[in-house]
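Heads up, there are several structures right after this.
You will see two complexes here that share subunit A, one where it goes with subunit B and one where it goes with subunit C.
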Partner chain A sequence: MKNKIGVYICQCGSNISDYVDVEKVKEIVSSEDIVFLSKTTMFACADSTQKEIAADIAEQNLDGLVVASCSPKLHLDTFRNVAIRADLNPYNYVQVNIREQCSWAHSDKPKDATEKAIKLVLAGIHRVKHSVALEKLKISSENTVVVVGAGIAGMRSAIELADMGSQVYLIEREHFVGGRTSQWNELFTTGESGRDVVSSLYKQIKSHSDITLFTGAEVVSKGGSVGNFNIEVKITPRYIKPQCELDMDKFEKVLEICPIEVEDEFNFGLTKRKAIYKNYPSEFPEIPAIDDKNCNRCGKCLELCPDIDFGQKVETLNLKAGAILITTGFDPYEPKEGEFGYKTVDSVITLQQMKRLIELNDKELIYNGKKINKVGFIYCVGSRQPDGDNKYCSRYCCTSAIYTGTVVREKYKNIQNFHFNRGIRTYGKQELLYHDASENGDVFLQFYNDSTPAITSNGTGPKVTIEDFLTKGKEIEVNLDLLVLVTGMVPRKERNIADILKIPIGRDKFYNEIHPKLRPVETVIDGVHIAGACQSPKNITESVKSALSAAAKANSLISKGEIELEPTLAVIDKSLCKSAGECIKICPYDAITTVEYDGKTVSEVNKSSCKGCGMCIPVCPENAIQLIGYTDIEIESMIEALI
Partner chain B sequence: MEDITTKKEAKILVFSTEKISDPAIDLAGLLKMHYPPKVYTINIPCSSAVKPRWVLHAFEKGFDGVFIAADGTDCSYSEDCSEKTSELVGLIHKKMEEKGIELARLKMAAVCSVCAEPFVKHMISFNTYLSNIKSN
Partner chain C sequence: MANINPNFASELKKYGSVNFNACYNCGTCTAVCSLSTEDDSFPREMVRFSVLGLEDDIQTSLKPWLCYYCGECSESCPRTANPGELMMAIRRYLTAKYDWTGLSGLLYKSLPLTIMAFIVTAIAVIYYSFSEGLNVEKIMDFGHLFEMISIATVFSVILLPNIIRMWWMTVLKQKKKIAFATYFKSIGELIVHMFTQKRARDCDDNEFRWLEHLVLVIGYLSLLFTTVVLDWFGTDNLFIIILGYVESAIVFIVTVDFVGSRIKQKKEASKFSQPSDWFFVIWLFLLGFTAFVVRVFIDLDLIETNLWMYLIHLIVLVQWALLIVPFGKWTHFLYRSFAMYFDKLLKEPAKQTSK
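Moving on, here comes the complex of A and B:
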């Protein structure tokens, strides 16, 4: 039993101390006999505080440690490592959550939050009082990662994982790879086209023996857990024989004969496409696909092309993986009808449509049959909403809009750009682009949240009326040929994967990491990582950085072939056991067997099979089983401290 | 002046699970979703590991209610964890009956890792129910 316990109460800047009187908590818990020292600290996780705690443990010969701070999911290992550095067994450390489950949850009642914090810390002290020294367990792990989403982040992370020695299954829902990046032509800052970047990555993926790509594929279920996930994947056929060697002339004829026309989502509805399609000639995989939802099976294409095969069936694969990486990207914000004239005023389109329009128009910029000379951009549409759900900045759109304006100005003649903005956020090196656009004649006008521009039709095109902040609120009217709404990023509408994997979703509705700074690519589901724009708005550079980070994290988790787990094991007191057998029946791992002991048959736990779930402990009629770390004395002393 | 709402507030012990329901309770805090402050959580690996004696100990020491935030189908240990936890609740109910403890003071519901809002709703309604018992 411990009797020299050190207690540290973190203010977490002011995240805790704004609502919890940490000095009062310290004062009360310090009166416990077994508490040798207690301190408050601005940031318990700070390097200097960690050193201080380690020094206290060593110098004062502490036999137990309690840190009351954030969720153990963030810093359990941090302080266990502090204990290890000070030669204290890490399982003689208890982390008490007084942030997520106290100061934040009860920020409306600070007095009650303080009372709750006191009880929680006392419970932690009593738990550590009865804790025992333990060593971690190890389980085998598949060195395989399932990467979901073959956009820029998924493709880049797949290559990185394979380069580091992991087997990769790359799962793409669409029939072609590249995601949003393949929809963009020239990219700032390099001037490369998105499809060139995608082509380069695809070639690397195809040449890598450790990457298996599945297109038209969706994860439909998940079993198992970290180290040993079982992933079920449904593959929708593309109805083209795999050995097809694409002949573009023949493909053009098939396109002509196909009677189906649907909205082309690749061009954001600016054009139509056929049921058999390929978004652009150099798209990968090389062979086209038939859209199962829209094809009416008229069979006309079969007459021209022997490689079409409607006999292909949906397949289901079962994959084993040690870790999962989600890179499912984003959707562009779809403005509401009437929002800045969208769908109510002619010639109002989104930024994403504008990017496709530029690619579809070679020598002159034409929209709805009209030549475009004056282009306006309205910024922050669907982002930084004062009243809507999307409070966040979408990060990429200021740069993307200015770059689009620059491309338009350079590609076509006599173009004048007007940028109606709420403050330009071309951070870092992107600021140079803003400077160049200003130097080259683009006009920037600025408005406030509470005085947004009015969009009306002047009979020939959209008219923007703005109170321009930069000219002291002067009302300015600008007649345009085309108005581009600079729409930001929103989470994907279709995301069954979140339900299947139970990925946490944050306030902004994007997938939520454990901690934005400390564990930025991990989720609370062990072994499930996130990267790219499914996590938060990111530009391509930032998406790739997070993809590489997630790849490194996933690989480091599983590449050793074994994963360290908590040493939580059931132990049976053989002297109490009367071999009722209930524990054997309930154990999902067959980890309990019988042995002879002192002239009787008793149950015994096989340490290598026990996973520490504890299902056996409540069913023993003799209360002969204890779960290490959750013994009766630990739990019951916590209950007494909490009351 | 005493705060009437605080006076009536019930003390609730929650058994949450480290990988599934505890993240949901953390998420509720992260989202600043408020629930009664006299809700205290002890986390364990799996909801099928709650010992009846712990629940009885909590009632004996003065908790008004015990809530088992079960793993449901997400349990990484067993697919039929929900059934096992339900059977366990049945076992605990028998022991509560023997001691004359009202069965409704023990509640179990599946709380997935992102079920912050359902958790908060459970806590508010359970607190209301238990507070009414206290007041009567």
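Moving on, here comes the complex of A and C:
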């Protein structure tokens, strides 16, 4: 019980005192016998006031502190630090919000506002009365990070983490690294190819002793919590011996003999591939892989290549890690059948297919046996949807489409590009690309989302009819050889990892950070970070930036070997617990487990997983759970003061 | 419904357009234009038509002629797409389209052809002079006769049909009923603009250029009158002789400034010069200058022994009358003023037909 409490009532310039009679508040609360000292102040957060409060605490030996001012989101830490400087435990301090929740909200009723402020401050005083001194929790942590996804973001962050001294396990679901980046041939602004970028990252990863790469690997379960995660990883074998020296001629023969043909996802279905495959000759790791799902084990390849080994088994590994970084990337939007003529009109493809088509066609641009001269691009397919779910802009596609048009124009002869857009968003330096494209004769036509272009077939190719609002809404017809739907980014279809780690998902269905500006790479799950296009549409530059930021954040969290956590957690009184299990069901963080205690099974809170949200407290039939810092006695005495 | 034709850009390039494809339709050009109005909004719209290659919309529009190339649009363009020079190129293109002979287009687009035409006319004049035994009197009589015949012929065979074609493209195709009387009521517009070019005064800071141009037009037209009707080279009337000197001096002095500004390229309007622009100002200068010197030679009694001087003048004159007037930049004198006239016709409220 605290009985020497100091109360400070802030005027906040006039933000509070214009509507709340702060003198009256002071007068009334000072009559409480546990209040030793009460003051009003112009700005409680001012340096001089902070010093005054600290001096009061020290000189008067105060055992509790209440500051009635603004939202604790603004200044909770400010006054906790004042308490710490005056040797008062920061958890013996309570901030009362009489600005956002009182003076601003009731500016039309100053009298009632004063009444409410008095009640709120009294409630604060009574909470402090029962407050206890608390210390931050400290748990040990492994200086190891599991990075999920070896695309450009995952590879780049793995290198950075290892450079900073963390051990890295890099987990890639595919048999080859590089993700989407390896599928793009030329990259804006440097013109280098995606696979060159991937190769250079791969070489760094291979030479780094602190990075262990697993391909064909998938996270199947997670245990533990921040600092001490246990990650279970399933590894599908390549069915080729690791010491296999790749002989390209021999590999060509093996490819010929393999009877299985499946749609090649690397080329977005433009071509077929065999069950034994490598997407491109310089792909990493160097050894080809056998696609377990499609191989029928006919054994023909074995006759040619003794390094093929169907005896390899699926393995499961248990990895210990202090933090996790998710860089699982995106899927391109798959248009619905009939959306801008997709799959209903001939020669309508997606931007991603177009990029692969350019790489597959060396001298002339040929699609379905037809030479292509007139190329159209329809923008914002699957992004900024007026009716669909994807309200967001996919950020990269305007630049990517214009760049693709530029590459086509420069690589082949007699190409005319038409860009049917809803406003070009080539922000930053990318604007120059847009400038060059229009200077070089690319034609830009613009439509509103309520009058989208109509796609029909003119017999030889797709025909676009558009009301171009830059030409006073004139209806314009454009006959094309090939129509490219500029499809944006959507979250990965397959993402068990989100369920396994309970990563929060935003309204756009991408993974959600805690705060887009202040904590952009952390999730509410302590120790789980996100980066790259799994979080939101990003171009490569932006993906890598977020990857580096997440790497720094993860490393700074675990590299000290010890992690500090807030002590405001749920605790279960084991003697009261009858193991009803309600708390386990409702906990959003999987923080409650069962243990044996005194001959019975009871629930227990894992301190490093609990976030102190309080969900478990009201569901407990035995009232066996207390939230430290918000115990029943604290809350009840607050309620008493309020009514 | 309109069909798009991006190849039109390369056609316009031959008429001198510069980089208009860079336009991203911000509309700054139209916003800063002193002459553009809500009803007649340009140049952005013309840039757009050009990018899409909507030739029909360009050919039926009078807006290119409503632009007087103040140059503010090109100065303010954030993409240096030179809308002002595009309007100029469109005027050249339209001049070619109005011309039923098709020669304008050929000469605009091909410099070698233009030079050949100039050489052929020069040779023809020299050949004729030799065939007349270099007889000064005969040749000068022929020169005077040529002036009269060429004016009549060029006007009736080339210019008048071309203006009718312009009327057909820009007025008749609009399918607006225009009362016959309106043609008479609005004729004042034609006369005023033909002789004053007063619209050019609405460009900001353009008073001097407008005045210069006005003086040149008056000087040129009165010199034409003085030589053709008053027979300047043949007269003994002191007043007419002095009048001719003054007029020809005005023509070559003002054109020197015009040539100078095209060389200095300080103003937007004189930054880009096509061969047709150079031929126009230089031949106008030569016309005034050689006429002046010929009359000096006559007054000093030198012409009998220096026929070459008159031959130079005659060559310039023939080239001017047979090439530049019918197929070159000279026609802007007519098309600009007729455009103002046609525009006025189209803007007259439609006649009430029902009661």
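The rule is short, and it goes like this: the second predicted complex is superposed on the first by the 440 of 643 C-alpha atoms of A that agree within 3 Å, B and C clash if a C-alpha of one lies under 4 Å from a C-alpha of the other, contacts with A are read in each partner's own complex, and residues count from 1 in each chain.
We take it that contacts are C-beta pairs under 8 Å (C-beta built on N, C-alpha and C of every residue); 3 or more make two chains touch, one makes a residue touch a chain.
The structure displayed is predicted, hence computed values, not measured ones.
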{"item": "First (subunit B), second (subunit C), both or neither touched by A:590", "value": "neither"}
{"item": "Partner chain in contact with A:471 - subunit B first, subunit C second, else both or neither", "value": "second"}
{"item": "First (subunit B), second (subunit C), both or neither touched by A:120", "value": "first"}
{"item": "Touched partner set for A:435, first subunit B, second subunit C, both or neither", "value": "second"}
{"item": "Larger contact residue set on subunit A - subunit B or subunit C", "value": "B"}
{"item": "Subunit B and subunit C footprints on subunit A, overlapping residues", "value": "none"}
{"item": "Residues of subunit C defined as touching subunit A within the complex", "value": "1-4, 6, 9, 19, 21-25, 45, 48-49, 51-52, 54, 79"}
{"item": "Contact footprint of subunit B on subunit A as seen in their complex", "value": "71, 73, 97, 99-109, 112-113, 115-116, 119-120, 123, 223-225, 502-507, 512, 524-526, 568, 586, 588, 611-615, 617-619, 623, 627, 630, 632, 635-636, 638-640, 642-643"}
{"item": "Subunit A residues touching subunit C - in the complex, by the definition given at the top", "value": "416, 418, 424, 434-435, 438-441, 443-446, 468, 470-472, 474-478"}
{"item": "Residue ranges of subunit B touching subunit A (in the complex, touch as defined)", "value": "6, 11, 13, 19-20, 23, 25-35, 37-38, 40-42, 44-46, 48-54, 57-58, 61-63, 74, 76-79, 84, 88, 91, 112-114"}
